[in-house]
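Shared between the two complexes below is chain A, which pairs with chain B and chain C, respectively.
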Partner chain A sequence: MKTHLNTLYVTKQGAYLAKDGAAVVVRVDKKPQLRLPLHNLDGIVVFGHVGCSPALMAAAASAGVSISLLTEYGRFLAAIVGFTSGNVLLRREQYRRADDSEKTLALARSFVQGKLMNARTVLLRAARDANEGERKETLTATAKRLSGRLVEVNQATTTDILRGLEGEAATQYFAAFPSLLTRPAKAFNFTKRSRRPPLDPINALLSFVYSLLLHDVRSACEATGLDSVVGYLHRDRPGRPSLALDLMEEFRPYLADRLVFSLVNRQQVTASGFETQETGGVVMDDQTRKRVLVAWQERKQEEIKHPYTGDRMTVGLLPHIQARLLARHLRGDLDAYPPFIWK
Partner chain B sequence: MYVLVTYDVSTSTPEGKKRLSHVAKACLDYGQRVQNSVFEMKVDPAQWTTCKNRLISIVDEATDSLRFYYLGTNWQRRVEHFGAKGSYDIEGPLIV
Partner chain C sequence: MPHDEDDLLPISALQHLLFCERQCALIHVERLWEENRWTAEGQILHKKAHEGKPETRDRERITRGLPLRSYHLGLFGMADIVLWRPPPQQQSRSQTLRQAITSATADELTEWSITPVEYKRGRPKKNDCDRVQLCAQAICLEEMLGVQVPVGQLFYGTKRRRFDVEFTPQLRDTTAEAARRFHALMAAGITPTAMYEKKCDTCSLLEVCLPNTSSEQSAAMYIERVLKSAIASDLP
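Here is the complex of A and B:
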């Protein structure tokens, strides 16, 4: 049984990661700060100007520890993974399904269903706790609209129609996003989703947490033996981890969005922790970034009962379980892929 | 599971000094040093078997000793720390 292993995040600029025995050593100004055995880790995520020795890259790749390189602000740049592992038959089946438009549609539909169901639950839960009438109304109305979309998704006849529906649903969902925030502070004035660059603090938070989630989901795909670049809902594009993006959809509302608005609502992040750059892009300062990372890591430690398998597990293990359920479906052990649906 | 490993290696001979550094190196591959000859390790049963065999093959049982304390999975309740040289929690957020 796969256990939930930890991820090491290095945000200290100028730090250097080296291999020592079977462990990774983080050095700052040539002084060792932290020494962790590789077998306790699932992944290493480094931000910005952080060096990494070739020996460590090789050791991590062979130990199945993925290293993701991100910019200081959390945009994904590159990943270091070892030889493509896993079962070649599984991969072939994954590619075959990607070439079959009907099977692609069925899988893409599952991912969108998962996303919409979870987005709906996030809105309805917030509506239950909302005491102002207006907010409650917006949240329940949007949840209802998403239910309508869900019906259309089930009837979609092509993947393109499905992609269109997903886009519309996302716009509606993000339109209701301000109502998820209980303290409508002026700086957290969110109107719509913007990225590359994010134009306000909420978008900066969303983009950052999405890239953390992508690292985890991508590692889960690779660890399961799936090819993370051949997806169903997302089209192939050089360098794009389409399958990881597909699998990530169902986790976005549950893992990422909920974390973002609870950080804001609990005032764990404040407007002063963000700065606007000349380009108009908004970035967070070091302290805020660290707070988000701590919150993200703690969130993954929480326990949940998996709605499909019924097992108790940590939240951080969910992407691995979903990747395995997908693999079981591809192998023909499951008739359909059951997306993670938060209840 | 959590294992606490402590050792005493006789350093009266050059071979003993060598054994001492080999034991320390092996322990560093599996866990963190919490005191001079005390290590805490988070290992699964397979990793533990390899680690244990490696340690036993290094020491000379006539002069040295190894002690293993099995702390299980609820080790947090069983460990308290006072004073300098705090350790990291391998299951907590790891951020540098």
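Here is the complex of A and C:
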């Protein structure tokens, strides 16, 4: 039975990961610091200057544990995975639909619907807890605007129109972002989404958490036998994991954005944990990064009832279940792809 | 209709086919496999059964992990254990088993008692899947060696004993029919739709198959319903 297992995150610069029997050993300065059985892991994510022995790479690949290599700041560089899993027929169907503009539109619409619905719910939940008038009003008004976008999304006749609507909705949603903060602090001012580089702490947090989410969604696609680079909402671009990005949309508000705001609102991260670089880019320090990783892991352990299947599961399993529902749809078991819609 | 070497499919899949055609397609067409406690125990048991050198006990020779195939069924696989008992007049101990078999005439070979033994965890099952798997091994042995294999044995971990299985014409028919259906399933490449049944709860692929979500519930209608209620609550 598929269960959500741990992901090992290694941020210690200069660390070396090796295989020891059926376990992975993390060494720092040649001294073993941590030893974990491979069968307890579903992924290993290493940041920056961290080494991996070839024996570990092979053992991890054959145990179905993917190793992702990220920059120190969390940008994805490469993954070590075993043989392509799954079924060539599923992949072919995935490609055929990507070549068919109507089928592409239908799938892209599902991803956008999931994203907008969840963005709307994030805003409405925050509005429910907000007591001041202005914040509450902004949040509710933006949620309504997103509902308006959802109506248009239903009527969109091309994928390009859909992409445009999604862009507009994102701008409106991010405009309401500051209202998600319960205690406005100057350090956590947010004006708009910036990525390359992130220009404020909230953007730095978002980028980092999105990269963790992307890792999980991408692994879920690959483990299900889907090709994570051929997407529908996201166009093909060499090196871009378009399907993983598609599938990630519905999780952004629910998993990533909410986590970022609760970290700030609960003061688990503070302004002093961020540093502004010469060109204006903002990066977090090691301690902040670790806190985010711990919070992310804890978040994934939480239990939820899946709104479509009705099964109880951990939050960490959601990307896997959604990837499977997508595969089921592609293989003809389901008449549509039901995105994860948080209630 | 004889199959080519390239066409051969694994014997072990027949048990999946007889358990559930969809499970069989998920594993062999879609290449999905989830390990659970039962499958892991089964693997360990088989590994143990395959380990060890050939031996001779009381004139009976024992081989382990023997590769098998049948062009007629279009199957290949491995026998956990095969027991070989030569007729009393063939006693030359210096010969290897291979030499003994190849040097025997066709008539002499019919006097050998050749018995495939398959190891299974748990207890004897109600359906035919274990017997069919064993029967397919017997048909392979017959085809490869030109011998008769009338009886095999199934060893069940829970009972810790072997049960004789007679390869009756009915069982041979069931086996050939299962092989035929398996080839048809693989050729079509289409996974049959799920129907939830009680046995699904014991299936290691439950969470990949999601039998509750297919066919019964329209995902399109689900999306429409959820969206409608959200939009209706927001718009005048």
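As a working rule, the second predicted complex is superposed on the first by the 343 of 343 C-alpha atoms of A that agree within 3 Å, B and C clash if a C-alpha of one lies under 4 Å from a C-alpha of the other, contacts with A are read in each partner's own complex, and residues count from 1 in each chain.
Methods note: a contact is a pair of C-beta atoms (placed from the backbone, for glycine too) under 8 Å apart; a residue touches a chain by one contact, two chains touch by 3 or more.
In this text the structure is predicted, and so the values were computed from the model without any measurement.
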| item | value |
| --- | --- |
| First (chain B), second (chain C), both or neither touched by A:R135 | neither |
| Which superposed partner A:G21 touches (first chain B, second chain C, both, neither) | first |
| First, second, both or neither for A:H215, with chain B first and chain C second | neither |
| Chain B versus chain C as contact partner of A:Y337, first or second or both or neither | second |
| First (chain B), second (chain C), both or neither touched by A:H234 | neither |
| First, second, both or neither for A:G225, with chain B first and chain C second | second |
| Contact breadth on chain A, by residue count: chain C or chain B | C |
| Partner chain in contact with A:G148 - chain B first, chain C second, else both or neither | second |
| Which of chain B and chain C A:K115 touches, first, second, both or neither | neither |
| Overlap of chain C and chain B interfaces on chain A (superposed complexes) | none |
| Partner chain A, residues of chain B touching it in the complex | 25, 28-32, 41-44, 47, 88, 90-96 |
| In the complex, chain A residues that touch chain C | 1-2, 85-87, 89-90, 110, 113, 117, 120, 143-144, 147-148, 150-151, 154, 224-225, 307-311, 321, 324-325, 327-329, 331-339, 341 |
| Chain C - residues contacting chain A, complex | 29-32, 34, 36, 189-191, 193-194, 204, 206-208, 210, 212-215, 218-220, 222-223, 226-227, 230-231, 234-235 |
| Residues of chain A that touch chain B when the two form their complex | 3, 6-12, 15, 20-23, 26, 28, 33-37, 39-40, 290, 293-294, 297-298, 301 |
